[in-house]
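For reference, the structures are reproduced in the following blocks.
Both of the next two complexes hold chain A, though its partner changes from chain B to chain C.
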Partner chain A sequence: MRVTVERAALLKALGHVHRVVERRNTIPILSNVLLRADASGLGLKATDLDMEVTETVAADVPQPGATTVPAHVIYDIVRKLADGSQISLETSADGAQMQIRAGRSRFMLQALPETDFPDLAAGEMPHAFTLPAGDLKRLIDKTQFAISTEETRYYLNGIFLHAVDGGGSGGLLRAVATDGHRLARVELPAPQGALGMPGVIVPRKAVAEIQKLVDDGAEEVRVELSSAKVRLTFAGVVLTSKLIDGTFPDYQRVIPTGNDKRLVVDRDVFAKAVDRVSTISSERGRAVKLAVTEGRMTLSVNNPDSGSATEELEVDYEASGLDIGFNARYLLDITNQLDGDTATFMLADPGSPTLIQDREGAPALYVLMPMRV
Partner chain B sequence: MREPSDRGPPRRDPPKQLAFDLPLDPRYGREDFLVSPSNERAYALVERWPDWPDTVLRLEGPPGSGKSHLASIWATDARGWTVDAREVRGERVPHLISAGALVIEDADRGPIDEAALFHLLNLARERKASVVVTGSGPPDRWGLRTPDLLSRLRLAPAVALDPPDDALLKAVLVKLFVDRQLVVDTTVVDTLALRIERSLARAAEAVAALDKEALSRGRRITRAMANDLVARLSPDEEG
Partner chain C sequence: MTGGAAPLCRDCLRFAAAAARRCAACGSPRLLAHPERDRLAIAHVDCDAFYAAVEKRDDPSLRDRPVIVGGGRRGVAATCCYVARTYGVRSAMPMFKALEACPDAVVIRPDMEKYKQVGREIRTRMLDLTPLVEPLSIDQAFLDLNGTDRLHGASPALTLARFARAVEHEVGVTVSVGLAPNKFLAKIASDFDKPRGFSIIGQQEAAAFLGDKPVGILPGIGAAAGARLAQAGITLVRHLLGRPLADLYRVAGSDAPRLARLARGEDDRPVRPERETKSVSAETTFDEDLRSLEDLEPILWRLAEKVSARLKRSGLAGGSVTLKLKDTGFRLRTRQTSGLPPTQLATRLYEPARALLRAECDGTAFRLIGIGASDLTDGAEADRGDLADLEVGRAARREAAIDRLRERFGDGAVLRGLSLRDRRR
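Right, the complex of A and B next:
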């Protein structure tokens, strides 16, 4: 294989694919990126066996061929080469090494044969739709924080993506994540082709990669699905991931519909007050108590080891008084996701789920379980 | 409000994060019934339906031995109804029997309309309807006052489910965790099997409580958590 490629193009593509590669691997080939040069240019592919990312960059290919080299190493090399340089990649006659040349720099990397490189075998993807990159970004950005990080609860380790009826004639595409303490649900009008898709759980690592790729300037994203895998195509970059093999719980059952104590706060003022009083809370507890009465809220934190803090806010509230505790970090996570100037809480009692939205009926909805304080 | 005190604030429980109730419905299907030496005779007899020695069959066994599960498998097969023994009342008898198959649950728990039950059993024989009656022991211990009913029930063939044996209890615990999509170490199953009451109902309660506790703590289920739970469920056993 002999190929010449522009540094900027190679760096960008390596930047996309190398992140998939785990830093530690017991199987050596999984540390490598597959490089394949042919008439269409230089193709790159990296995998961790659960997910793979491929990208093709324009290149001058005097001699087609393929090899694999350590992904993080080649990324670091290309990153440090001079901007604007032309990089030449050439495998040795026995295929055991690959030379990288640019300007006066020369590197030899140990290579492993292409034939050993695993393929995720995407199989048939019977469901497909296209949506604006901004929409996908919104679905992910607003729900990602609620994904469970507790690994034995694998069925909550991702974003549940599914289509439902409603929202006019075309149905809705919904993203839902929960860790058992809070839940985020965002919906938008379903793109054509999304209705009828199976409900799928996209794993956390794939979510993080999608989030980075979607930030990288693609206008549209093609989503293809089977019941076991998902493939997303961003301009030139293709990410294929296994889905979580589990059943997402019937989350609708925890979204309260009868909460009638309506509390409206200035989002920014509220978040800053929560942040201030929680300064003295313990790392583990993080509980802040909201005492709400007509037109007024008192936030308080009581930490037996360090002291206490209170702050009063004017709020829009007319129902009977209520004391309720929440994890301060969860409150801040949710208020960070809200877009409006205000936050609307629908409360029931100190032991039941609370609904939080920009306003009633907003497309993003958050449910938070209280803390017993 | 706290009384001012020079001994410092009273000890309180630390704040506890509550968790969503994200339950998975328990599964009472045929494939979910685990057969073991403690229940295989009962299972075999239920499987033989309608080839039964009598129209009435009694299922005997302590709470949580799997009577209701087995009865519900049969009710599904036979397209019958399931009622609590206290719902068997005079005017409802012909209706209850009309499906041709009926499960009467917990006939040993508290007062029942004995005349209605007697009438029902006779009507079932007359109309060749099958009836399964569940109870924890033989009818002599149900406190019945109608001799005819007692002798009718005594004559009905009975099959006993024993408390789950060790292997069954462990298998059921594993299945309960799997049903809830929970990954646990075998030591958790061993701990529960060793320390909880030998009952399938207790096993289900323990697994549900552990699921909830782990979700609330945001942690995996460990043997220590299982030990805590068992101690909490039966505090008098400790010490």
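Right, the complex of A and C next:
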């Protein structure tokens, strides 16, 4: 294989694919990135066996071929080479090494044969749709924080993506994540082709990668699905991931519909007050108590070890008085995701889940379990 | 108050002349003398061959016969009396081996309720001596008698001698007492002169006494740690004393300072009246080896119910579930799932244990299965469910209803179909 490629293009592509590669691997070839040069340019591919990312960059290919080299090493080399340089990659005659040249720099990397490189074998993807990158970003950004890290309930370790009827004629595309303490649900009008899709759980590592790729300026994202895998195509970059093989809980049953105590707060003022009073609480189990009466809320934190804090807020509330406790971190996570100037809480009693939105009927809704205070 | 040098007769509780070999009043040779005798206050009291002793008490015809208390043909000897021990029978020996050593032994099925009752009776008597009683099991406990001299008008040694005599005469079983400056030495002392023993290890002699004992005498040194120490040339306790602490760290890791202190006979662990329960478990040995998941499941389920009942009774919930298996070669396998939402429900303990069991059913024949719950937390906070677990609340109510039925109509009133599959019934 012999190929010449522009540094900036190679660096960008390596930046995308190398993140998939685990720092420690028991299988040596999983540390490597696959490089394949042919008429279409230089293709790169990296995998951790659960997910793979591929990208093709324009290149001058005097001699087609393929090899694999350590991903983090080649990324670091290319990163340190001079801006604007042309990089030439050339495998040795026996294929055991690859030379990298740019300007006066030369590197020899140990290579492993590309035939040993694993393939995720995506198979047929019967469902496909395209949506604006911004929409995908919203679905992820607003739910990602609620993904569970608890291994015993592995089916919560991702975002549940599915389509439902409703929201006018076209149906809705929904993303849901929960760790049992809080739940986030975001929906948008279903893109064409999404309606028949199976409900899938996209694992958290893939979610994090998708989030970075979305931020990298693609306009549209094509999503292809089977019941076992998902493939997302961002301009030039393709991410394929296995899905979590499990059943997401019937989350609709925990979204309260009968909560009748409506509390509206100024989102920013409320978040800052929660943050201030929670300073006093210890790291674990940071409970903040909300004592709500007509037109007024008193936030308080009591920490037997260090002291106490209270703060009063003016709020929009007309129902009967209520004392309820929440984990301060969880409250802040949710208020950070709300878009509007206000946050609307629908409360029932101190022991029941509370519904939080920026306004009633907003496309993003959050459910939070109270804490005993 | 008599000095420590005047021997105390453990039979008539009188003091004898300084160098006497026998009690002048009753002629007993069981005299207790030690320079530190009246200054020591930490005791370990251990009943002698407890289950067997209770059985012998209740059936005097057994008095001179070898008695083994244990379960079934395949179980282990829970306790063997001192007669049986002369044949080479030991506690925890598999029953078939015990019977090989002593074919004439009288084997008695354990009657735990009876032993618990006798154990409680002895415990109550201990609590009459001091509130600081730390039970280690049904038949042994640590006692801290510091500051009780004026209450009982006697030194701790005399108080304990009275206690041992009273238990023997009034309860009908014998105990061995170890008296020492700390728990570690007291435990060793009680074992030193069994049965009907009373020995004292003083601070002065501790290091010398321990020096030529194998390191296995130290708590926490079992087969694995013992082998590691032996590799470094440490087989006797005194070998620990010669080593610089830095050396010991290389062999024993963070346990090094503790081992060094114990080797010098030092131990500052207080006697704690309430021992925190660390785990709740149940296990059973089969009459025939079992290998299939189908055969093991119903047994596991009944053990899960047992553990669940005990957790519910003590208001605890477990966040980890451990499966224990022993194969026919007596090799132990323990497998654990941790980080579970704390539970006290039988179904919630059973499910992870069953998943672990499924992975172990590879054709191996097993003789024992057990299930345990650990990482214990307050049971009141458990099984409340959350946004991703709506089932647990229903499961909790279902089990509570079953528990109420069983309370009224007996344990057999409601059974899960699974437990009927147990072929051993």
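Operating definition for what follows: the second predicted complex is superposed on the first by the 373 of 373 C-alpha atoms of A that agree within 3 Å, B and C clash if a C-alpha of one lies under 4 Å from a C-alpha of the other, contacts with A are read in each partner's own complex, and residues count from 1 in each chain.
In this text, a contact is a pair of C-beta atoms (placed from the backbone, for glycine too) under 8 Å apart; a residue touches a chain by one contact, two chains touch by 3 or more.
Just so it is clear, the model here is predicted, and its values are computed rather than measured.
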item	value
Joint occupancy of chain A by chain B and chain C, clash or fit	clash
Partner chain(s) touched by A:251 [first = chain B, second = chain C, both, neither]	both
First (chain B), second (chain C), both or neither touched by A:331	neither
Contacts of A:179 with chain B and chain C, given as first, second, both or neither	both
Chain A: partner with more touched residues, chain B or chain C	B
Partner chain in contact with A:369 - chain B first, chain C second, else both or neither	both
Partner chain(s) touched by A:353 [first = chain B, second = chain C, both, neither]	both
Touched partner set for A:35, first chain B, second chain C, both or neither	neither
Touched partner set for A:154, first chain B, second chain C, both or neither	first
Contacts on chain A seen with chain B and repeated with chain C across the two complexes	148, 150-153, 178-181, 183, 249-251, 253-254, 353, 367, 369
Residues of chain C defined as touching chain A within the complex	337, 339-341, 352, 386-390
In the complex, chain B residues that touch chain A	9, 13-24, 181-184, 214-216, 218-221
Touching residues on chain A, where the partner in the complex is chain B	148-155, 178-181, 183, 246-247, 249-251, 253-254, 284-285, 287, 304, 325, 327, 351, 353, 367, 369-373
Of all residues in chain A, those that touch chain C in their complex	148, 150-153, 156, 178-183, 249-251, 253-254, 353, 367, 369
